[in-house]
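First chain written, first letter: the chains are A, B, C, D and E, and each begins at residue 1.
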Amino acid sequence: MIARKDSLSAAPDGQGPQETFVLNLGPQHPAAHGVLRVLTTMEGEWIQRAEPVIGYIHRMHEKMGENRTWAKFLPNTSRIDYLSAMHYTHAFVGVVERALKIEVPARAEYIRVITSELNRIASHMVWWGALLSDLGGLTPFLYAFDDREKILDLLEGLCGARLTYCYYRFGGLYNDADDDFLNGTRAFVKHMPPRLRMYRDLVSDNIILRKRLEEIGPISAEMCRRYGATGPVIRGAGVAYDVRRCEPYSVYPKFDFKIPTYPQADSMARYLVRMDEMEQSLRIIDQALDQITAGPFMAPKVPRVIKLPPGDYCYAVEAARGRFMVRIVSDGKEMPYRLKLRTPSFSNLSLFEEASRGMILPDALAMMGSLDLVIPDIDR
Amino acid sequence: MTSFPFASYIVAAAFAVAAITMIAGALIAVLSKRIIRGVGGLMICCIGLAGLYYFLQSPFLALMEILIYVGAVCVTIVFGVMLSEPDEPKPTDRVADLFGAIPIRSGRFGLWGAAAAFLVCTLIGIGIARLSLGGPWPVAPARVSDGSVAAIGIALLTTYSLAFELISLVLLLAILGALVIARSGRTKPPSTAHDQLGILAAQVTAPAPPSDTHPLVSTTAGHEPETAPR
Amino acid sequence: MTFLNLEPIRILLYVVAICAFVGLNAAYLVLAERKIAGRVQRRPGPNEAGWGGLMQPFADVGKLLAKQILVPAGTDTLLYRMAPLMVMAPPMLCLMAVPYAEHFVARDLNLGLLFVFSFGSINVMALMLGGWASRNKYSIISSARVVSQNVAYEIPMLLVVITLLMITGTMSLQEITVQQAGGFWHWNVFRVWVNPLMPVTFIIFFICMLAETNRAPFDMAEAESELVAGVFTEYGGMGFGVFFMAEYSNIVVGCCLATVLFFGGWQSPIGILSGGAWGLVWFMLKTYALITTVMWVRWTFPRTQFYLLLNLSWKILIPISLFTLLLTGAMLKLPLLWKALF
Amino acid sequence: MNLLYLHDRPGIYLVLAACLLAIGIFGLLRRRTLIGMLISGEIIFAAASLNVMAVNRFFAPDPTAGQIFVLFIMGLAAAEVAIALSIIIAVYRNYRSIAPQELTELKG
Amino acid sequence: METPLKSMGQPTPQSFQPGPQPAPGSERPVECSQIAQFAKLDDLLALGRSYSLWPLTFGLACCAIEMMAAGMARWDLARFGAEVFRPSPRQADVMIVAGTVNKKMAPAVKLLYDQMLEPKWVIALGNCALSGGPFNFAGQYGIVEGVDKLFPVDVYVPGCPPRPEAIIEGILKLEEKITGKRHFPVAKLKE
């Protein structure tokens, strides 16, 4: 049974006010994952209109990009979406490399892929725990963080940061991956699949979870297209769109991995897409660990002062939440003329208003959880 | 219990408490301005009444009174209050807040109406009280049963079985009728559990208090600043 | 001193004892809940306050008591203040009727079961009035939920209890316990020859108890991720603390009742070690095992959705409990019919 | 009359019931919302029940009769509340008010 | 503890001495207990408060993730009785401002602080809450440069984002501030 009202707010004979009231969720609300504010017009517990109000964590990233040199802006990239910092740095580094036509050494590319995929798993872990705690089950949160800490330990050993890595450099990496990291990652790849099976047994197959996610919050492929939603949201609608496949970058073409899609387009589909993605990420890491060779981790000739030739450059990566793209308009100076960050959460949130119409409040929040929003990523 | 020295005092005090609770509850129920407090008053009144039933040697009825009136009737009325938002004038001062039904300022007939109603009710009350105190009452005859729960049960299924069946029928009809009446105004055939049950939780309309007096939702910021504090 | 043998004094002592028990019990159940949550989530839980965290409840209660007392603007002051009192009184009254051991009961009412249920029903009203008086939209939505939920689950619970009443034939909790003497196979939950569905009956009772006490997975009253803190959103300091304690006291009442009705109360499970103080031991063991289960369930399952909750009650639990009621009646009366015919 | 044994006299119950009745009628006259009138009606019911119980306790040969009578009153009150509330909700839905003065559609 | 902690306890600008005299220049209202002294009771209450610091569920940005991590199994804030994250400000004792506060958010944060019941404390977590952090540059238009511009802050925890150990140390510092002495041993630097 889908709890959904098709015709709302029909006051009989059109007389009198409608029985609605405005519920203000946020900016501080446990389900808002930060400081999202949703102005919901409710009819009872049915949502008539849920209007997201954003800007509560606007941090001027694009403005800062226009006021800083390329290297100085690099740390900012890990703070836009702090859960998939590696991908964001990758995109920014990539656009500069593309503009300067720097050839990145193979070893650096492999390490980038490994760290990116590790970061993706870590990010999905946080999402998984947060979604479950939205649904009222707190324990999976702690289980997820257990495994996430293992990833963070690996990455911390590599670059010294737990969350905001800023590990990539123009033309390579901050430092080389040592054997500790590679062996640790091998161990992690072995450690993780049984854990994922356990998660499936404990949580994904739980009847309450299934009842709360299945057929809840359908988001069709057509709607995704209209709003520009990407990542697991569109893959949950049955479209196999993945930047790693569609606009290949780095060494991703060398790996054999599947793009998980589910045609149901409901919250459960998005849930399963992310769970499958973690397995695929493990596969990629496994292959990368096999293929990685010794070599330099930094391109030989990277200019000390970076000036991009005038022009318009783009670089897109598949971040944990979808397609992240950096677009730079350069006028040949030390700073970009215009820096545009196309963040996936913004598009994913924008369909919330249409998708949540006529839903019951807890279902809408479950759907919001399945979109995996990071609010600073929306506000930038 | 009789061996206890002050037993009779304790019993008398308990009786007084029950009686006063009942009367006070009834007064709150009819006099308070806010309807929700009226429901609270009815609840207190019922608890006092349950105490009196206990003194009338029927603990079963006392408990049933609480179960049905507090647990069901009052809750249903509160639900009705939530669904239909009766007028809730702003509290002006404490006395008027508690005894709002004696209208000093508003109302169709104002003070005179209140006085007339008060007079009529006082007359009724005094009249009946005089009647009941003065009338020649028969001497209590010998008991034929002990009035226990078992006896009630047996009587319900033998002597009063017809009435028992009838009241179950009445209750059934009441449930169906309530469903039909409450659902008739709806536009769309119901599709969810709420609607099928006639439980109208999904329709609760929160009466919005005037937003200028206090923040509605505590955990949120109501409005954006014109100028940011620095 | 013969004075102490007198009934009113005895009851007074019991009242004091029960108040102390309820207070301490609720406080330590909060700690137990946090410890169990820690155990389930593979972490130690509170262990710095006192030895192994044993002083944690006192720290919490002391802090809550010393918080600022504030009645938020716009609330219905009288009801806002009254609701915590109303929510705390019923569980204390209910515990008066529970037989903890053979000779350890405050007042052995012959209508004990009805007593517990009638006073338990005040709880709903208190939560509802508290939510209403807060004048917070989250609280109002939440109190509406509380009422629908409690009304919906009162019905299967009462049906189950009526089934048990038909078997036991008495409403006195002490007598119900006495009937289950002589080992665990005499407990009501295992009396499958009276009604083969007895274990199912217990499960229904347990589910209803979870729902009536607003525990996960039915914690709609305090659905944190949706309704901030539900009914209690505007309550702070000890007002909130009392609600918190009342929640745990209600769990204790529910588990005590389940123990008496289904698990033989203070009777020993093996037939020996049953007299005197052993009764108290067995009773507490059974009750706390059930309470632990309640907490275990909370930290295992996610929250259900509101319409699923109502569906469960009206479409599954009520039909099943009606069926068990009919079945029990039939199985009790069929032998008589058999005898009359042949 | 000894005040200590007041609870054993029928008169006090009847007087209390009369008070309750008077209060209920006053409320019925003065309340300006349907729900308020419903509450007052419940108080009148309570007065009647108390009267019946008092007479049952002190003057009836079979004490079960009065109790059953009061039980029926409770059942009827519950049914009445359910029906009345559904009517009130229907009225509210059509008129956006439950003040009895405004239900004037049938008035000429 | 894995990492040495030494520089966690930043000197607070409005240092508030636990004890009879209110610190000069302190913006806190004079509490009753500062006039009439119930020394033992006050000590006891302070002890209770320090072991029962319920934070407000309130994450702003990156630091919120580390705040969550501090509550998770590896670090477990629950050991100090501080894991009861209350979503309603009425029930919270300490507000952990975890992340950047921008000008649009500032009134909301202030409102939340005002809605908390006394006694209440604030921990500014991360460089953004301390001073604006990396987003504080000449010509910035969006952020509040330090949450102490909005309301008094009790403990400052630097880092971008601070590690969970630092967050726990912040809670311990707050306990120290409330009771006047430290309960949990200081981690020693490994030479």
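Basically, a residue touches a chain if its C-beta (ideal position, glycine included) is under 8 Å from a C-beta of that chain, and two chains touch if they have at least 3 such contacts.
All of these numbers come straight from a predicted model, not from anything done at the bench.
Asks: Taking touch as defined above, what minimum step count separates subunit C and subunit E?
Replies: Steps on the shortest route: 1.
Asks: Of all the chains, which has the CA centre nearest the overall CA centre?
Replies: Most central by this criterion: C.
Asks: Among the chains, which has its CA centre at the largest distance from subunit A's?
Replies: D
Asks: By the contact definition above, name the pair with the higher C-beta contact count: B-D or A-E.
Replies: B-D
Asks: Whole-Å distance, subunit A centre to subunit E centre, using C-alpha means?
Replies: 30
Asks: Taking each chain's centre as its mean C-alpha position, how far apart are subunit D and subunit E in Å?
Replies: About 57 Å, centre to centre.
Asks: Between subunit A and subunit C, what is the separation of their C-alpha centroids in Å?
Replies: The answer is 44 Å.
Asks: Hunt down the residues of subunit B that sit against at least two other chains at once, touch-wise.
Replies: 60, 64, 72, 79, 185, 192-193, 200-201, 204, 206, 216-222
Asks: Could you say which residues in subunit D touch two or more other chains, in rising order?
Replies: 93-94
Asks: Can you tell me which residues of subunit C touch two or more of the remaining chains?
Replies: Those would be 41-43, 72, 137-138, 141, 224, 228, 233-234, 306-307, 311.
Asks: Using the touch definition from the top, list the residues of subunit A that touch subunit E in their complex.
Replies: That would be residues 27-30, 33-35, 55-60, 63-64, 67, 75-76, 79, 82-83, 126, 141-142, 145-146, 149, 162-164, 375-376 of subunit A.
Asks: Where on subunit E does subunit A make contact in their complex?
Replies: 56-62, 64-66, 68-69, 72-74, 87, 89, 99-100, 102, 104-105, 108, 112, 134-135, 137, 139-143, 160-161, 163
Asks: Where on subunit C does subunit E make contact in their complex?
Replies: The touching residues are 34, 38, 41-49, 53, 55-56, 58-64, 66-68, 70, 72, 224, 228-229, 232-237, 240.
Asks: If we count contacts the way the header does, which residues on subunit A are in touch with subunit C in the complex?
Replies: Contact set of subunit A toward subunit C: 1, 3, 21, 23, 29-31, 45, 132-139, 142-143, 146, 206, 208-209, 211-212, 360-363, 365.
Asks: Spell out the part of subunit E that touches subunit C in their complex, as residue ranges.
Replies: The touching residues are 44-45, 47-52, 72-73, 76, 78-81, 83-84, 86-88, 90-91, 93, 117-119, 183-184.
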